[in-house]
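First the structure, which I've put down as structure tokens, then a few questions once you've had a look.
Chain naming follows the written order as A, B, C and D, and within any one chain the residues start at number 1.
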Amino acid sequence: MQGRLGRRAVLGGFVAALFARRARAQTSPASAGPVDPSLVDDLVAANRILADQGVVDGYGHVSVRHPADPQRYLMSRSIAPELVTAADVMEYDLDSTAVDPRGRTSYLERFIHGEIYRARPDVKAVVHNHSPSVIPFGVSTVPLRPLYHMSAFLWPGVPVFEIRNAGGPATDMLIRDAALGQALARSLGAGPVVLMRGHGAVAVGGSLPEVVFRGVYTEVNARLQAQAMALGGTVTYLDPEEAKRAQASIAGTIGRPWELWKKKALAR
Amino acid sequence: MQGRLGRRAVLGGFVAALFARRARAQTSPASAGPVDPSLVDDLVAANRILADQGVVDGYGHVSVRHPADPQRYLMSRSIAPELVTAADVMEYDLDSTAVDPRGRTSYLERFIHGEIYRARPDVKAVVHNHSPSVIPFGVSTVPLRPLYHMSAFLWPGVPVFEIRNAGGPATDMLIRDAALGQALARSLGAGPVVLMRGHGAVAVGGSLPEVVFRGVYTEVNARLQAQAMALGGTVTYLDPEEAKRAQASIAGTIGRPWELWKKKALAR
Amino acid sequence: MQGRLGRRAVLGGFVAALFARRARAQTSPASAGPVDPSLVDDLVAANRILADQGVVDGYGHVSVRHPADPQRYLMSRSIAPELVTAADVMEYDLDSTAVDPRGRTSYLERFIHGEIYRARPDVKAVVHNHSPSVIPFGVSTVPLRPLYHMSAFLWPGVPVFEIRNAGGPATDMLIRDAALGQALARSLGAGPVVLMRGHGAVAVGGSLPEVVFRGVYTEVNARLQAQAMALGGTVTYLDPEEAKRAQASIAGTIGRPWELWKKKALAR
Amino acid sequence: MQGRLGRRAVLGGFVAALFARRARAQTSPASAGPVDPSLVDDLVAANRILADQGVVDGYGHVSVRHPADPQRYLMSRSIAPELVTAADVMEYDLDSTAVDPRGRTSYLERFIHGEIYRARPDVKAVVHNHSPSVIPFGVSTVPLRPLYHMSAFLWPGVPVFEIRNAGGPATDMLIRDAALGQALARSLGAGPVVLMRGHGAVAVGGSLPEVVFRGVYTEVNARLQAQAMALGGTVTYLDPEEAKRAQASIAGTIGRPWELWKKKALAR
């Protein structure tokens, strides 16, 4: 009896291990393959720049879509952006499941990234941050509007995501699953930036330099708008037509601050 | 005559020294024993982080309860927090009497710490600071309220301690004795933070990383709230239920900024 | 046939090259000759100081008129001011055509400089910037006015350039040609500073130290004015007569901050 | 003839030199003798601290009364405070005439110091600065009032000096002579600080650490007061009685920030 039970137990263990392996094979997505190291370097730089420019503090994250497979994206493990190195970069599928975690912890809110990449094929990079001047606009009935040509990309308008509408009256404020990520992506729509009430913001872009630029100049515009409103006069915002043209012209120049920011951030 | 007077003086000195030794033996409490050096390192780090993050300037102090004896706590001698090293750390009983002063000066307001540890067995660490954005809320009829998920721990409300009520119309504004410390602890109640009118604030927590986190994000919330109110629209604050859940979720992540802050503060 | 066509093609290419050379000879202006290296050093210092003092970020530019020929000016190639070195300095004529580009890219908005030098023989140096506190005044109906003796040079008043008036309802907000540069110069008039709606500002001066001083203290005055207005009382501005005298006295002291700023900026 | 004229000329030159020496002896005051080098070090430190703490920029000055002679004071030559070294320190009499200029330029506004030392025997150190948050209170009808215990020393009130009352409607805003210095000293009265409309402020104290402390915490109080007023509620200021007691208690602690500030400022 013992022998048979023993054999059964061994067999049971073996079968369980097989199933576990299969289950893992099902849930761990395949890698889309290695990327050019310069892209990883740019992702590391983006993390450091966002910290250096005050767009992220100990929290916040930035990702880039995999250049070889639109169903994959790259993002650091759960660590403060200022401390990110190439070894921290992980690959995710659009369900935000890590390809090869090797014990590394993922950001709880990675669904922000996966669901936006799924909903917006044009988006190649995503930043989530708590930058200080945008949070007041996220809790106020006063909308954030572009008044500065560097922030012209905000011309489609900046919606505010109210998590109570998507997740009920008492969430923990975090985008902790795919459903909340999808709701956030719907709120973003076709735009460049969405604010998150009581939380922060998400900016999207066609490249890492562009999304970093947008994170920085969304913060700058929020600060400038608050100051302009405080003066008490009438404020002139950018007209959508001039904003579109300004955005197009300035898009060709963002390598200039990117090179500066990179040099400064990596020198620290 | 001279000889007898001389002998009397010598004898008097000897007796006085004896009494002084006894008095010291009576008032100097016994030590609860040495603590793990890593706790002292964390206390030093907490001092430096609070300075680096702008929560304290030349003034302010942070303490931690002795892990082996809830009747004892550890805090630096009277020195600017940015300059604290392990050699400055002293042990106190809950009357805020130093165990082994060896000539080191104590913070005048150490009663803040002793009386809060006495009143709040759940509290393991205390910060007293004059952080710039909270002081305006301490002198205003406008209450400080959480509007940012990182500051969700403020959901129980932030009372303002009016020293005139406790110490009469003309104190020197300082918590210079046990009675004032007890009054402040009553004002704090079961909450995480109390403001002190015309003076500063106290934050409490279950560990050094938590209390540092609370010091930093109380300051951030105050700044954000002032900015949000200045926009002139209606401000949405955190609902208590969502705040409780946000606090619980975020409690699990505070190691992330702690590691960053520590690295930055100790590198200076 | 083939031979003749081939010869024609060769001949055509030769003639085209000749014309191109002539065209280049026509459009590339002659140099006014080398300048004292200390002037180039000062131009580099001016770029770095403006970045160090927060008057420019990744964008903005500063130029100086050629000392030997009022029809020429010197300015960096298109690069972030903080990164400028002597090798980046190029010479331009007043049409803002580069004398010797050698593949170096010019700032798109160089016409700001050329057209102001043309319109204002007294001007020896020009700064264009997006300094943070002046932008709100550029989008507000509230005028920027001097209230601080260091900013007394603003006494003639600070007009706001509305590009819609000069370039139609939907420009890209940039001074991208001579006509817009001329319109901006008309808006500046005989004054020291002009704001550009939704964009930034231009300051002019009689030397690099003076124009840097004006860039810095226009920013400071804007910040102080916003703060003074926010207090809610009545604000006393400088009277034009006292402002003129203050300007004259302070003009003799600007070497003092210039030396400090230079030392700090070049030490980075 | 030539010989006699030659001799006359020689004699004339000799007599002229004699008179010049006498004239210099009349106008150049005698030195009160050397001071302890540690006082000069503290004066240098005070200059650097004020720059490091943002109380002075390229302008501003700090002086200390000569310990051996109340009719003399020490102050740097005309240079940015951040650059001051011991070699820049000069001695002045209360007419603000330099004892031994040796070609060194004096601050134009040194009369601020001389006339305050003459009018206020209790004052041992004087700071003149343009610190950013106090200037708005100098141009506003809203008075600066202490609301923070560290700024309790402001309890006697902070008058605003209007130079138009003392110097007529069109001065150059500068305290460029003894008469204006005396008018400013009358405005200061027996108080700790006087604001100068459209210009800056003067703080006085019983020592260099005290006057530096006052410069720093006058700036801090101004910033906090502006923020508290902007919240829109009612603001509680320090009661004069509690302020007097707070000032007395805090006076005993200013060595703590002084040591910190000194260490930080001299490390740069």
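Structure notes:
Methods note: a residue touches a chain if its C-beta (ideal position, glycine included) is under 8 Å from a C-beta of that chain, and two chains touch if they have at least 3 such contacts.
Note that the structure is predicted; figures quoted are calculated from it, not measured.
Contact with chain B and chain D alike is made by no chain in this entry.
Summarising the inter-chain layout, the chain whose CA centre lies farthest from the centre of chain C is B.
Chain centres here are Cα means. That of chain A falls 52 Å from that of chain D. Computed centre separation for the pair chain A/chain C is 37 angstrom, with centres defined by C-alpha atoms. Touching two or more other chains at once are residues 230 of chain C.
If you sketch which chains touch which, the chains form one closed loop in which each chain touches exactly two neighbours.
Contacting chain pairs (ordered by label): A-B, A-C, B-D, C-D. Taken together, the chain C residues at the contact with chain D in this complex read 147-150, 152, 220, 223-224, 227-228, 230-239, 241-242, 245-246, 248-249, 253, 256-261, 263-264.
Contacts from chain B toward chain D in the complex involve residues 57-59, 78-80, 82-83, 108, 130, 132-133, 135-137, 139-142, 163-164, 169-174, 176, 197-199, 226, 229-230.
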